[in-house]
Each structure stands twice: as structure tokens, then as C-alpha cells.
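Here subunit A shows up in two complexes: once beside subunit B, once beside subunit C.
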Partner chain A sequence: MSRLELIGINKRFGDQIAVSDFSLTVEDGELVSFLGPSGCGKTTTLRMTAGFESPDSGAVIVDGVDVTDLPPNKRGMGMVFQGYALFPNMTAAENVEFGLAVRKRPAAERQTRVAELLDLFGLARVAESYPHQMSGGQQQRVALARAVAIQPGVLLLDEPLSAVDAKVREELRTEIRRMQVQLHITTILVTHDQSEALSISDRVVVMSRGAIEEVGTPTQIYAEPRSAFTAGFIGAMNEIPVRIVSGAGGVVERGGRRVTAPGAAGLVDGDLAMLLIRPELLEPLGSTGGSLNGDLTVTGRVEVQTFLGATTRLLLAELPANPDDRSVLPAARRLAVDVPSATAGRWPAGSELAVRIPVAASRVIADGTAIQPGGHA
Partner chain B sequence: MSGTSIAGEATEETLPAMIVAAEKAGKARRRVNRGPRVPVWAIVVLTLSAVYFLLPLYATAVYGFSNGKHFTLQPLWDGLGDPGFQTSLRLSLFYSVLTTLLALAVVAPTAYMVELRFQRLRSTIEFLSILPFVIPPIILVVGLSSMYGIKSPVNLLASSWAPVLLMGGYFILTLPFTFRAIDNALRAVDVRTLTEASSSLGAGTIRTFMKVIVPSISLGLVSAALLAFTTAMGEFTLAALLGYPTFPVYLLNVNGWQPHMGEALVLVSFLITWAGVIALAAVARRTPGTQVVRGGPM
Partner chain C sequence: MRSLTARTDAGTPAAARSRGGRAALALLPLAVLITAFLLVPTVALVWGSFHDSKTGAFSLANYSYLGHPLDLIPFRNSLELSLASTLVGGLVGLLIGQAIVSSRQPLIQEIATTFSSVAANFAGVPLAYAFIATLGNSGLLTLFLRSNGIDLYDGGFKLYSVLGLTIVYAYWEIPLMVLVMLPPLQAMKRSWREAAEILGASRWQYLRSVAIPILMTPFISSLLLLYANAFGAYATAYALTTGFVSLVPIEISNLINGDVSYDPGQADALAVGLAVIMAVCIGGRAILERRSTRWLDR
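For the complex of A and B:
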């Protein structure tokens, strides 16, 4: 119900930088996720938005009004905490009613509103239960209903689903999205679960070391990551070393083959670079060799098979096609290849496998920018 | 956290929690028909301590309900009818209740603010709160009377402020108990997050304290109240040396010239204290949410 702007926010704790130069606009009714490894400053940013911490510099603006110096209880933002933070001495209904009572709404209005919300979140049955009598999922729903009850301009969710089990988590995240769209609440969701971020957000903010790494729609973030950090953080990603032949033409070379690859344009001729490709995009070619127009191939020995359900992941150690090559180009560390589980039997551990790299679906980035996510945390 | 574990062993030390725990144990025993056998040594220890505690009580009763020759309730009726008994008991109750209220009103908000905002002051406050253990009441009373006594220019004793002096003394004496009980309760709930949750819903500090924090630590508050009340009810040194004729002071005097009546009244005071303990424990048990201290998600 509001447009939220965070402008140039910085925050240190002692000499540690928690958030640096964070700027973001969340549009009215939009759901934006903050995604990043532990300690990257997600919670701190959220707490500054809510008013529980004050930024060293920068501004928080809601609907054009600067609220940077307003205390949390004057900001009208709803917040859901990681540990729920339900009031233990109040029933579910009383918890939801609290914010309305603070606002001195008439009793009749409060009751209808509480009943509506308990209904919306499927809590009618536990209305009179105390938090310790409820399941984790129910407590979570109460926390949401309580935050939403005050009709907040902005809803802030700090890892709201981290304390419930996997199945409930999936259910609840859909429910959060449904509710958020229905009530049209501007929402920030903090999470370090990428599937959560990708599945229910309008946009995802990938953070690393207190700064924004990348902002984009879930599709953009997943399919066309602009940084190696994002690429590595979101889903599994293969990094295959290539050499830039022509930065002007976007041509790279590997194993003596030259291909035009997305992202290679503008890189320095002769430099090493990384070609990024998802495991599910690699295609087995059979036992050996073979190549196709404009694509690369890698041949390797299957080391391990990991069953993932519908697919099976093969871990491939590359066999240098040409010993000379090795001195020029480092081999890929290990290649993950996802194949349908039904066919995985064809490549038992120890067997040889050649895969095609559909270069058009890959992305080349300069080497050295490749950061292993979490490695610095 | 499992529903059976008791978070914060601290609250366990306190009386109402012990009562709750004992009840739980009782329930558990009723549910299981043939529980594990109670070891012999446990029975021996229990019997010995029961004897150790109950024997004096019995002796007091025997002596109190006798005129030196045979059993009679006369000393009890004499005592209850004695105007000295009534005024001194009233005085003691007055000071104990006020001390209790003062302790709750001062310690609870202080401990809350320390927990919430001034963590750095915690060790200082903790140290201050246990000073009464280090400084015996006799030192305290000497200090108080030279500061505010008859010979001092700030003679509170002779003014209408006299009650404040004893209350202040009692407040200090009860600090180690009250601060500990309340602080433990505060630490068992996630004060900071609860406060932030309340604040995000629009509540200010006072409302948050009264509506969210106080009910969440009610068990600790009851413990603190109990400890403050019983300490003040039984305090002798301060009252005697500052010249307040409270119940313990009266009892000592009476014992000198009417020993049977004195002993009978000792039993009465024992019953009064226990009635208070049980009443407060009953309050604690009926407070919703007190279980959360041991079973919440946090």
C-alpha cells in the first residue's frame, strides 16, 4: 500500500561494515526478496527499514515521506520475526487484536477484523489457543495475521519460514504470496532459501557482504545472472574455463574449438574467462566424442551419481582431450550433469561420458570475479 | 524446545516454580501406575529432614498450647486478644505489603530496561543487588541511623517520613531476591524481540511493559513478591534497632514475659506467612502463558 525507498544506506557495527550503500525502491504492492548468505546484512537492512536500527547514513522513505528518524511504533510497518515473537500471555485472537487495540479501534470493529484475519489464515480453530498450544505453522500464521492486522503500509518478513519444516514451508510461502497479492501489501521478504525467493517474489535482491550484488526478476536472476556470485549462489552452476579469442566478436576458445558465446563481448583478448552453465542444460552425447555446430563438448569420467528424484546428477572429472591443451587451459574442476533418472543407468560411476555445452544458453564472465558464495562468510 | 524441559533453571529455584514442578511430578506419578521404586536412602534423607524441620514446630506447638502443666489453647486466645499483637502485626503487614509493592515497582522496570537497553550496566546492577548479602543488616542499620537518625540533621525518624526509612531498608534487604527472580524471568523470555514486536504494532514503551512484558514474567514477579513479603515480615534487626515495634520485635518482647503466649503466636505468624505463600502460588498457577517460559518457540 506504499512505495518504499531506501537511499544510500550505510551501517557499521564497530569497525565491521554490515550494510554499505544500499539503495532500492520497492513499488506499491510489490514483493521483493533479500537473498544472500549468512551475515550479508539482510536482517540489518530490514531492521533499519523497520526502525529498530538507525543507519549511519542514508534515508528510508515511505510514500515520499522521510521516516528515517521515526521510532518503529510510528512507522506503521508490519513485521514478522524469525522466532515469531508471539506474545506468550495472549491467545491467537488477542495477539492479532493487539495492534488494533493500540490504535484504539472500537471493540466491534476489532472483533470483525480479527475474525476476518483468523479466517484468512485458517486460524479460526485455534483462536482461543495460547502460542505454546499451537504448532509452528500455526504460530507463524498468527504472526503474519498480527502483522497484517494493522494494515501496514509495508510488511517486513525476516526469514518467516525458517523455523517450520519443509512441507509446511512450501505451503506457507504460497499462502504468504496469495495473501500479499490479495491485500496488495508492499513486502520485503528476507530469506536465504533461494527457492523461496525465486518462487514468490516479484523481484529478488541478491546481497553479498552488505551490498547489493544484483536485482532482478526471479527469471533474470536464475537464467541470466550478471555476476558469478549470483550464478553460484542461485542453484548449481558449472564453471568451465575458456579463453577469450576476440573480445570484440565475443568469441571464446576451448579444446581447440572456437565459438561465439553470450557475455564474452567486451572481455580482454587472451584472458582466461569462465563459461557458466547449469547442470540441467548439459546434454550427454553418448560414450565418446561428437560435436555440434557452435557448441563445445567436454569429455569426462563419471565419479559419482547422486539421485535427486526425477533427475540424477552425475559428477564428471574432465579427461583432457588433448594433453597439450592442459598446459594452456585448466580443466573444469568438476562438472555436474543432470540427466533423467530413467537414463542414468547408462553412465555408472567409472564410465566415460561426453556432454555438449549449449553455448547459447551459457554465459561467459571474466575470471577472477568468480567468488565462491559463502566462502567469505 | 520440548514441552517438558524447564527453560531457565533459575525460575526453578523460586518457590512458585517449585510448586508447579512438584505438581507436574505429582501428575506424572498419577499417570504411571507403578513408577520406579523410591530408593531407601531417599526415604531416609526425607525423613531426617522432615524431623529436623518439623520437630521445632512441634515443640513450639506443645509449648505454646500449654500453661506449663497441661494442654490448653488459652495462650493462643490470650495472644490473639492482645492489643500489642494486633498493632504489631498490622504494622508488619503494612511494611511488608508496601515493601513488596515498592520492590516490584522499582525492580521490574529497572531490570527490563537493563535487559533491553543497558546490557553494559548489567554486571554493575547485579553487583549492587547482592550487596545486602555482603553488608549485614547490622551495618546497614548503623549507617541508616547515623544518616537519618535522631542525631542526624536529616532526622527522618522523628518526621512523618519515618515509614520511608524502614521501607527503604527493607527494599535494600530484599533486592538480592527480587532482582534475581525478576531478572531470571526476563531472561527466560526474549524481551528484546517481544518489545520489538510490540513496538512494530504501534505500542510505546510503557504499554509494551505493562501489556506484554509484565504478563510474560508474571511467575517471576510472583516469586519476587513472595520473597520480598516474607523477608519483610520476618525482619528483625532493622526494625528493632530503628525502633519500629513490628511483629518480630513484639514476639521477642512477649517471649520474655509470656513465653507460652509467645510460642503460640509464633505458630500464628508461621500460618500467616504460609497463607501468603499459597495465595501467591495460586495466583501464579492461574496466570495464562506462564507455561510458555518453559515451552515457547524461543
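For the complex of A and C:
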């Protein structure tokens, strides 16, 4: 039996649709992330799961029991809030103990459990500290320990890492995953940080405008996005205009070259489409191009180099290979090309660069399902 | 190198002295104000209280009231009046403040804050006359109630008494409480209640374990402010009772202005006693505020 089921959840705030026909099944011990931009409905869905908001229609099922009409304190869930929501008048140990105390567990059991959790989360040294005396990372750990102290059936994490700095965030997300696996807690994580969602989730639910855009494993979501929104929202993505030559055969054309591309099958002959490809998959060919073997090329001028650590991102302004072609096919926008930082010096700003587009690793989508601004490379 | 030198200069002792000098200059007006209106009067007050006002000789006689129960009546009246008006103002103001915050209506909050700001400062003679016109022997409300069979004054009520003063003082103490409690009430996070709730707490358990302990500090701190405010009030009480109710500020006034009981030395001694009570209230409030600020991000 699945641990949590959300069935046909709908929610409106006035005229605004917050969540639309949201259905999802979460298995026991699974960590599922709700990922999407601000206002996409992910937190509202989480709050309806917790019982802080009531759905207009639909049901929340936990272990086969409909809890839709139960108040939060009867659902047996734990939650970590954005900003932690630690009680400022209690020490770390008292915060962790709170849920056990209100459930009137025996004092000895409470003490043992609190000690275990403080130890598990590395909080023994700050057990008697108040929240204002702790760092953001320590507060976050206390919030986690407090949430799991009651041994919840489902753990809800509402942007738990948004208030800590980048380095601590990386450490803590690993710690969350370690704890979640160790305690085998079914967990829902709400985040707008794609790296957070991809790095620790079993599955990712990509949300847009209150609805599920796509559900899949992190690998599926990143490597084989099924929608333009997902492709644009997850990581950097290049969009290269192509024309459908044969929808039946999945053949597209660009710069006079015709190639068979994934995703092109079934699109309308003669229509414009977008070929999507990640920056790290583009291969520099030097300044003149080279053997293509069924792939496409784009030639451009390097405008900017951005150092990213192991790789450097080159921002390429496309140069029209064939002026006639420009009249029928719009140029690609700026292309992002990731190259090893050790070799980036070969392509300084202003230099010309041709890149191979490995078509087999790309995906073609119909034009008009444009990627949202900000999602592009 | 030039920019490096410039940055290094900024950290030299000379630069630090220059910054310190500018800061001291900026604080000069405040220092003058404190000296002229707090330090000098306080020193003069204390000096006067330990000297005979006729001979100028050092004396403890001005503090003899501390040993005479009858002479302590003004203090007792002031303490009782302040306590009563503080409790009424504090509790009613807290409830109104909570109602305003719970409304979650910015317009209501704005109107309430504006009204409270005006009402909290509407004291003194105009307020006294307003109450006389409303609740005095021939006040509008008194007459209206009398015409409907309810005679306040037959029932023992007197506006020109400690009870009457308590009602009048509550008029500005309630809005003052609303004003000072709104920030801590607004700083209470909804997520605290939700966190308690999802951990299994009932509403009462949340109130008892989280909300009340957090709000207790700013609440007591606000009561101290109200108490000090009531204790030092003079004009309203004098205008309403024409000095017949013996309160510390009124006694001080009588000792300075009175033809019969003129004794500035004793007035100074009473004023020192009043100042000590005020200092305890304000000092206690400052200590509590520091603690409250740590718990509530305001």
C-alpha cells in the first residue's frame, strides 16, 4: 500500500487557481520533491497535505485512510517550515521534546528519544541553547529533529534550506537525505532549487501554474524532459530553431542539413520547431567546423566567458552560416556552451567558434510551447 | 597601490579618532538636551530634597513622610490608581490589540493605530472636561442613563474619585497599550502555531507553552510603561478633582504652589520618591525589552 495519496486536489483563492487537479501517489520511504517557480502551487499543495488548508475538492489519503477533513494535529505528520519556526522560548532540547510532551509520553521515554535525536543530528553541544544562540544550520537541524521526534508517518519539508547559505545548504541536503533513508520516512520536499530537488529525491514533481507538469526520477527530468517548461526550468537549456521536414520520419532541417532528431516524429511538416540541447552536450569544433556524421552545427562569436569551476560557460552569438537561410529560419538565440575550464582559453571573447550539436542527445518540441523566460541557457 | 593605501588609512588610529569625533559631534544636541532637562533637574531635585528650604542646611527632615502613614497616603492613592488603570488598560488594550492583529485587515490596523496614537496623547485638561461633560453629575451620559432609570451617582459612582480617575486614565492607557503591544503581537509567527499544531498540540497547549511565554515579557514591559505613565500624570487628575484627591503629583504641586503648605524641600523629596518609582518601571521595561527583542524579530 502506498503511504500517501493525493487524489484530484483542487484549490482556488478567489479567482486565482492555486492548485489544479493534482494527483500523486507516494510510496513508503520515498522522498518526492515538489519543484517549481514561486506561485506554482507547491507550498499550497503541501499545506493541504498537512491540513493547514482545505482543498476545494479532492482527497488526502494516508495509509489508506482519508484524512482530508482531519485537523493537522490528528494527521500524524511532521513538518519543517521555511524559516524553521522554532519556539524561541525553548532550548533546542525543549523544542525537540515538544511534540512528545504534548502527546503526554512518559518523561523517561521523552528524555531517551530527545537524546537520541540530538545525537543523530549532531546537536548534543547545543541542547541547552536557545534558537537565537544557534547558527542557521543548527536551527535547521533542530527543526528536523523536532519534526521526526514524533515518528511521523509522513514528513513535510517546506523549503527547509532556503534560509541558509550555499555551503551549509549543500551539507544539509545530504544530511536530510541520510536521515530520511536511515529513518525510512516518507518525505515530501518543497523547493524551487532544482539542484536540491535533483540531488536528494527519488522522484521530482515539476509544477507550473498549479498543475503537475511532469513527474519522474531526477535523471528522467533532467535528461529526457517531456515538456518545454521542464526543459527550461531544470538546468540550462539551448533552444535552436529547426524546420520539420518530415513529421512521419522525424526529420528536421537547419542550415541546409537534414537530420533525424528525437521528438520530431509526429510534428507537422513545414512547421517551425525547437531543438533543445544542454550546454554541456555541445562540442566545440574549433573555428571552422568539422565532420558532422548526422549532426548539426552552429557557428558563432564568443561574447562572454563565465567561469563555473570545473567548466567555463561560453555565451555564443550565432553567425548566419547561410544568409538565405536566415530569411526562412530565425537564428538561434545566444547559445551556452560548456567547455572544460582548462581549455576555455582557446576561445576568448570575440573569437569565432563552431559547435557540433549531437542531435541524438537533443529533443525537438513544437514551436509555440516556448520555454518560460529565465529558463534558457 | 593608491587604493590599497586609502583603505589602509581608513583603519588607522587617526581615522578612527576622526570618526569618533564626528560621532560625538552628532550626539551633542542629545547630550545638551539630556543635561538640561534630565541631569540638571535631577541633581537639583536630589540636592533640594536633602536641604531645609528655609535655612539651606543639610537635612533629612524632608523625608520624614516615609515614617508617617498619613503622609504616605498620596503614594498609596497614586499606587492604587496607577495599578487599577494599568490593569484595566493593559488587559483591555491587549484584547483589542489581538483583535486588530487577528483581523488581518491592513486598513483596520492602520485606522486603529492612528486612533490609538491620537487617543493615547489626548490627556490633560481637555480630557478631564470631556469626561465631566459626559460622566459628570450633569454629564450627557449620566442624564441619559438617569432618564432611563439608571442613576450612576445614586449607585455610589463618582467621577471625582479614584474610581472615576481610573476610568479617565483608562481612556489613554488602553490605546497606549494597543500601540505598544501591536508590534509584539504582529511579530508572533503563524508558523509557531502551525508547528505546535502539527506536532499534536491543542490550541490551549500552544497558548500555554508558546504564545503566552513569548508574549509575557512584552506584556509586563508594557504594563510597566502604563504604570509609569499613570503614576506621573498630573493635569488630568488636577482638572478633574481640583486637587481633592491626594496623589503624589498633586501633592508636589500643592507644596510648590500652596499658600499654606509651601515647602519646596518636601516637594523635592516627594518628587525623588516619584522619580525612583518611575526609574524602576522604566529600567525594568528596558531590561524586559532586550529579552523580548531576542525572541521576537521586530
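A few points about this structure:
Methods note: the second predicted complex is superposed on the first by the 369 of 377 C-alpha atoms of A that agree within 3 Å, B and C clash if a C-alpha of one lies under 4 Å from a C-alpha of the other, contacts with A are read in each partner's own complex, and residues count from 1 in each chain.
Everything that follows uses one rule, which is that a contact is a pair of C-beta atoms (placed from the backbone, for glycine too) under 8 Å apart; a residue touches a chain by one contact, two chains touch by 3 or more.
Given the structure is predicted, the values throughout are model-derived calculations rather than measurements.
Applying the stated clash criterion after superposition on subunit A shows that subunit B and subunit C collide. Contact with neither subunit B nor subunit C is seen for A:Lys42 once the two complexes are overlaid on the shared chain.
By the document's definition of touching, both partners, subunit B and subunit C, reach A:Arg103.
In the superposition on chain A, contact of A:Arg209 is made with neither subunit B nor subunit C. In the superposition on chain A, no contact is made by A:Arg363 with either subunit B or subunit C.
In the superposition on chain A, contact is made by A:Met79 with both subunit B and subunit C.
In the superposition on chain A, A:Arg173 contacts neither subunit B nor subunit C.
Look at A:Arg313: by the touch rule set out above, it reaches neither subunit B nor subunit C.
Residue contacts after overlaying the shared chain place A:Phe52 against subunit B and subunit C alike.
Working note: subunit B versus subunit C after chain A overlay, options 9-17, 27-35 or 81-89, clashing stretch identified as 9-17. Comparing the two interfaces of subunit A, the one with subunit B and the one with subunit C have residues 50, 52, 71-73, 75, 77-79, 81, 83, 85-90, 98-99, 102-103, 130, 132, 146-147, 150 in common. Against subunit A, in their complex, subunit B makes its touches with residues 3, 189-190, 193-194, 196-204, 207, 211-212, 215-216, 218, 287-289, 291-293, 295-298. Put simply, subunit C touches subunit A in their complex at residues 189, 191-192, 194-202, 205, 209-210, 213-214, 294-296. Interface residues of subunit A, counted against subunit B in their complex, comprise 50, 52, 71-79, 81, 83-90, 98-99, 102-103, 130-132, 136, 139, 146-147, 150, 163. For subunit A in complex with subunit C, the touching residues are 50-52, 71-73, 75, 77-79, 81-83, 85-90, 98-99, 101-103, 130, 132, 146-147, 150.
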